[in-house]
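Here the chain labels run A, B, C, D, E and F in written order, and each chain numbers its own residues starting at 1.
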Amino acid sequence: MPVFECEGRMYEVDEDGFLQEPERWSQDVAKDFAQTEAIADLTDGHWKVINYIRNYYLQFGIAPMVRKLCKETGYKLNEIYQLFPSGPAKGACKLAGLPKPTGCV
Amino acid sequence: MDDASNGKPKTELLDQLEEGPWPSFVKEIKAASQGSEKATDLLRQLERSYEERKGHWKHGGMVGVLGYGGGVIGRYSDLPEEFPQVAHFHTMRVNHPAGWFYTSDALRTICDIWERHGSGMTNMHGSTGDIILLGTTTDQLEPTFQELAQNGFDLGGSGSAVRTPNCCVGMARCEWACFDTMKLCYDVTQAYQDELHRPAFAYKFKFKFAGCPNDCVASIARADLSVIGTWKDDIQVDDAEVANYAAAGVDIQKEVCDLCPTKTMGWDGKKLSIDNRECVHCMHCINVLPKALRPGKERGAVVLIGAKAPIMQGALLSSVLIPFVPAEELLDTLKELVKRIWDFWDEYGTNRERVGELIQRVGMPAFLDGIGLEPVPEMVAAPRDNPYIFFETKNGGAK
Amino acid sequence: MTTAPKTPRITDIGPPHYQKFLPPLVKKNYGQWKYHEILAPGVLCHVAESGDRLYTVRAATPRLMAVQTLRKFADLADKYCGGHLRFTSRNNIEFLLEDRNNIEPLKCDLAELGFPVGGTGNSLSNIVHTQGWVHCHSAATDASGIVKSVMDALYDRFTHQDLPAKLRIAMACCLNMCGAVHCSDIAILGIHTVPPKIQHATLPKVCEVPTLIASCPTGAIRPATYEGKPSVELIEEQCMFCGNCYTVCPAMPLNDPEHDGLSIWVGGKVSNARSAPKFSKLAVPFLPNHPPRWPEVVDAVVKIVDVYAKNARKYERVGEWIERVGWPRFFQLTGFEFTRYHIDDFKHAGLTYARSAQIKY
Amino acid sequence: MTTAPKTPRITDIGPPHYQKFLPPLVKKNYGQWKYHEILAPGVLCHVAESGDRLYTVRAATPRLMAVQTLRKFADLADKYCGGHLRFTSRNNIEFLLEDRNNIEPLKCDLAELGFPVGGTGNSLSNIVHTQGWVHCHSAATDASGIVKSVMDALYDRFTHQDLPAKLRIAMACCLNMCGAVHCSDIAILGIHTVPPKIQHATLPKVCEVPTLIASCPTGAIRPATYEGKPSVELIEEQCMFCGNCYTVCPAMPLNDPEHDGLSIWVGGKVSNARSAPKFSKLAVPFLPNHPPRWPEVVDAVVKIVDVYAKNARKYERVGEWIERVGWPRFFQLTGFEFTRYHIDDFKHAGLTYARSAQIKY
Amino acid sequence: MDDASNGKPKTELLDQLEEGPWPSFVKEIKAASQGSEKATDLLRQLERSYEERKGHWKHGGMVGVLGYGGGVIGRYSDLPEEFPQVAHFHTMRVNHPAGWFYTSDALRTICDIWERHGSGMTNMHGSTGDIILLGTTTDQLEPTFQELAQNGFDLGGSGSAVRTPNCCVGMARCEWACFDTMKLCYDVTQAYQDELHRPAFAYKFKFKFAGCPNDCVASIARADLSVIGTWKDDIQVDDAEVANYAAAGVDIQKEVCDLCPTKTMGWDGKKLSIDNRECVHCMHCINVLPKALRPGKERGAVVLIGAKAPIMQGALLSSVLIPFVPAEELLDTLKELVKRIWDFWDEYGTNRERVGELIQRVGMPAFLDGIGLEPVPEMVAAPRDNPYIFFETKNGGAK
Amino acid sequence: MPVFECEGRMYEVDEDGFLQEPERWSQDVAKDFAQTEAIADLTDGHWKVINYIRNYYLQFGIAPMVRKLCKETGYKLNEIYQLFPSGPAKGACKLAGLPKPTGCV
């Protein structure tokens, strides 16, 4: 299992860098992972997206569909790509500590 | 399995596939091995698969380039220590030019880029139509992408997005094209760049364009939206050429008339007569007598919807949505139509539900209501045979 | 790890415009073609309204190609076609010539390089296929190896035009059926035949359980708890090995060297010529996975092609031929066993039962 | 109230042996018939290997008959047939004559009694039908009245043999389709179009709730409690008015004078001649229930028969004709509107969609 | 609605159905009214239904004779005060003689019994084939039954039981009967008296026997077990008679050869040739040329299973279970087969599930396993097209 | 609603004589109804059948299928008809106080 290291903190991740220990997630973890995603600072906008995804996941056990994500956060898809250059699945979900989505984000 | 003394990997099983008259992919991998260690490890891992009768790729992989949600299929070896050069081995899907025409220069450019950044192995082409660049590492994705872009190439689709549309050669070389497939394919691809690169749907969405009912891109079997050229007026007949074919030994009655699905042609030994009202535009007669028969002049296309492979409720062929759209109206009609289809799919489609399966689930009538299209009998092979009609009860029963 | 872009990035440009790549003769006669003739297997001549003639030489490729080979093709294009070429929807390569006299030299060069010319008219064209063990995680078998083995055996069917009609073979390495397996004259399909083995330990880490449950077409997957963690259980009798659960969840692997194998399907088509497009139907439910040359698969396919070539009428595609003579006759002629697996028992199964007293004896 | 039997009861004897009822000529030539001819509409002649000839005169009956009428038939049988007669599978009556000279007098007598002779060969035979308001609780309409009205209008089609092929009309008063509505050239079907009205008060007394819930093909019925008692609720959008819930539970009535009506179906057949047996397909989804003569229904049926008679080829049944010309043409020729209701959206719906680019313009 | 001054009920609407050339059921009810007040009230209640466009029968009714579970359909008027004579109005289903042959005496006997005990109204016959005696009261059921029985008639089926089997006229008058339909129908009816009279199944079970593929009892559409006569060897051809037909104006090519579903006949203007290997035994050619062509001599029947009306998963036609059973083996084969089918149905059928729907639900392969029949390709229109094969995993995967 | 009267006791029944007040059922009720069914005395055999049907109904809300009834009581179908001449549905279920079965008994 690969490991992602950030300032001494070690995370078990898969090859694509997704956190493999969902229970370890915290805001700090998100910050650490942001570095892998070409994101300089986590703004309110980032948190809005991360929190929405995280809460949705905790409630339903899955990542929200992109359409829903956009609708609920109020961001257009290109705005989400501006916040998370790798996009909602590779970027936002990773920061939200979700397993690698195979569905629709 | 061990590398032999000559420095080349020992691949006893694969070597057997170098024999025989058909071009050998093993030779190809070996050729690429000259320039790429990735190709060498690919060969070695593949030999292992042949020995063990088992693939050696881990599940999935989610990598890509910035700003895009798709275009790259991530792959990791499950034996990275043994085959380190394919520990990462992602493919890049590159959107091919409509009709798969290339200049030798363009081809070489791609080769050069790929030799620098990847394994040097390609698929020309993937089943969806893309140029498939087979095998590179995550860090090479972005540079490869940008080099391609600088040379005019962009990535294709993957994930829950529009996939690289494709089309038959059409007007570029075929006398039967009833609309300009390459142009429409190009225009549609350009129109949906965002939907192609940034997955936002419930599942994938494929467009394919065939210039006539011969359907040389298998659009009716493989596209969520299949556009198949056809004509409305009479088949153009050159009587003299028919006679020439007959003289040359074609049995017009047997090979043409008898095989017409609606038996709408007559042959009196001299003249071929066609009752065009009964013609279903299957192309058979034209196919057999290309010099004598041609599609009519009022040309356009049938628009069909919903084809897909079996997952998950069984395979589907596309079914008729609009029986005829004049050639010149195709782009506008499609744009308007696709907007409404996607809106409906967005609203009602569930995760990983292709539009064809959505229609199966909610029923064509509800789908037509949803996208605002009038039902016409051309949409069905036959009307319903079960009496389970959901009459609209809003107004309290039928009429 | 991805890093932030440095220079202004280019995105969303789409593919290059096709016009840049068209040979001058094509550009000139675009949409003005009048008719075509097949001069020889693999050699087409398209005649334009203007009287211009365009010659096409079609050669097979293995699809999986090294850049070295592509460069050789580019060289040939330079030599004979003013630097133009194209690929076909079935992974053949086409050289587009203005000068008829270039046909034979080009054919010689191709022969030397080992790329057979053919695939036109009433012949067998290239096999549309997929990744197999070369790149895909789902593969129940390899694709390229089987294609090579089958085409070696059917080489003459590609280089000659003596079949009753066009013959299209497709190969896919799993039930996802990337390609056209579901609508091919003959299709070779890799299949799993044992259920996935649930990896309970990793499952909750790497999978969305609701998505996983929803993925099963037969509802064989149910929520369950494993050592206190959410996981799933599998009703094995309900599993038909489609692998869709594995697609959405890595913790459901179903590759199994012993029990993975191949099935053969026949009678599909996509053209609307004569009869409507049709699905391929099951001919042989299971053949063993025997690399490197899959003799059982090759034999079965060759058998079908031979029987078809011998029995079908001119212009009859495989499915049209079988529909005319009837499925019982197909099984008689090929000698394939008819088993319970041939009788559909999925969703619309009942629609395949023979609902008439029309029977041949 | 039933009371205990007094005398030794006779049970389980089954029907009388048919041989008791066979005319002597039939007995003699049983299984030894050689061929037949149709001498005139309604008049058959069967020739035996022995050279014997049996003449059959077929007359229509209204099926719903008083014993008084049956006795008249018995008298005719005595007069002309040695006391033998039979009924057909479509409720016609057949007199079996040995003496050819009896044909005309018998026909005269039948004409006098008002029973038309015909229904053989390429004609319209009697309408197979059901109980309707005469006896059934499920009926969305009457059966006998519609049959009478339609046959009055199509009388000549029964007494003449000038149709392209045999024409079979069936009528059923509800979706249970007692009879052969689902496989008839033309079928008239009584339909409900509003959901049942649940009688919560009586429901628990008279119905088994689990059976009721299981009865609904679309799962529209769910368990519910009504004023503390077990009852059900109905998802109205999921109801397609089949009436199966009513069959198992009296507290789900769905008769509704305003919204009950008729639908017309075409193109079914059961014989295996030429084409395989086929289901009838929807032609007109809804026509109003207008006793005593249902003019809209009569018009629609007559329209179909006329268009069929004019356009079909010899020996083409309605369904065969429509399949040849195509459904779009059928709707054009009849002028019936094609609506969303014509497109199947039940279980196997997708299989009825047009999955080819083969279209007539 | 009110009775008119002449003592006859006023039935303005129904009276309109006395007009017109087709025999009138209204006249019939009026005729019966002469002898039965029940018939009069039937007419009056029916007039009310015509006025209100609504039936006036209550739901269901469960009455019968002792020792039997079926044979009577209970009916009660929902306006018993207004129409007291039809307050109870049950029908009795009486098992008809195979082939619907009667002597005038037998017919009169039934009439007399029914005039004494019931409304005097009948259906000759019900859709399943029974003699339907329409309308009597509960107390008359047993006496009617016993009088019928004394005269050799027994009740038919209703409820979840074997229903009155029926058959075409067959060998009694038809030259095409490939087995003795009336005998088999009679024998089967006698064999299953218990199952016919005492409902014990999950739902109804119908047998129908047709002597040839013309299927003059619609067995393939309406019977759970459809037995359809056919032959195995060559069609018998009398060349001289073919020539006679041609001479008489029959267009052999067009009316016969061209309509053969497998186009297996040739006509050279003189001789009709048949490639019997391709014949599907559809009967068309024989139908058109009855004097010249006849079924072969090796005769028997196809056994098919599962037809039914739409309730509840949609209508079904029967499908092939045994492609050919020689005529002389039919009874034994059926008995053995039916036993196994009923065992399986008993075990796996749910409440109100016809055997056809059971097969749809569990799948034909499982059903065949269950009844111990080998699969043959004649059972299917085509093999499966979806790859969702339930390989037997007991032994761990395929082969 | 018709009424069935037995020695002064009045029962609400449907036209076919099935009890319409399921909650009123008791063994005595069964005895009263036996008179309508040509049954002289209720023997152990009768009770075995009645109790099985009654219990099944209370548990599942439906009458048992005939096949099941036979299997569980050990009676062949003709034996059940001997006990209850109107048969399991019209006879036995009526005595067991069930609503008129539309299903399979």
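We take it that a residue touches a chain if its C-beta (ideal position, glycine included) is under 8 Å from a C-beta of that chain, and two chains touch if they have at least 3 such contacts.
Quantities reported herein were computed from a predicted structural model and do not represent experimental measurements.
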| query | Out of curiosity, which chains are bumping into both chain B and chain D? | reply | C, E
| task | Kindly list the shared contact partners of chain A and chain F, in label order. | result | none
| message | Please tell me whether B-C or C-E has the greater number of C-beta pairs in contact. | response | B-C
| Chain whose average C-alpha position is farthest from chain B's own | F
| task | Could you please state the distance in Å, as a whole number, between where the Cα atoms of chain E are centred and where those of chain F are centred? | result | 33
| remark: Taking each chain's mean CA coordinate, chain B and chain E are separated, in whole Å, by 51
| note | Whole-angstrom distance, CA centroid of chain B to CA centroid of chain F, is 66
| field | Where chain A and chain C are represented by their mean Cα positions, the distance between them in whole Å | value | 38
| said: At least two partner chains per residue is the criterion; list those residues in chain F. | reply: 38, 62, 85-86, 100-103
| task | Provide the list of chain C residues touching at least two other chains, using ranges where the numbers run on. | result | 1-5, 175, 177, 182, 211, 217, 242, 247-248, 256, 268, 272, 277, 279, 346-348, 351, 355-358
| message | Two or more other chains touching the same residue: where does that happen in chain B? | response | 58, 60, 66-68, 194, 213, 215, 220, 228, 261, 280-282, 310, 314-315, 317, 351-352, 385-388
| message | If I apply the definition of touch given earlier, which pairs of chains qualify? | response | A-B, A-C, B-C, B-D, B-E, C-D, C-E, D-E, D-F, E-F
| remark: Listed in rising order, the residues of chain B that touch chain E in the complex are 310, 314-315, 385-388
| query | Which part of chain B faces chain A closely enough to touch in the complex? | reply | 58, 60-64, 66-69, 74, 76, 88, 159-160, 194, 198-203, 346, 351-352
| For the complex, which residues does chain C have touching chain B? | 1-5, 7, 9-18, 20-23, 26, 30-31, 33-37, 46, 54, 56, 60-71, 73-75, 77-78, 83-89, 91, 93, 96, 114-116, 128, 130, 132-139, 141-142, 144-145, 147-149, 151-152, 155, 175-183, 211, 214-215, 217, 242, 244, 246-248, 250, 253, 255-257, 260, 268, 270-275, 277, 279, 289, 291-293, 314-315, 346-348
| Inside the complex, what are the residues of chain A that reach chain C? | 14, 17, 20-22, 36-38, 60-63, 85-86, 99-103
| query | What does chain F use to touch chain E in their complex? | reply | 15-16, 18, 38, 62, 65-67, 70, 77-78, 81, 85-90, 100-105
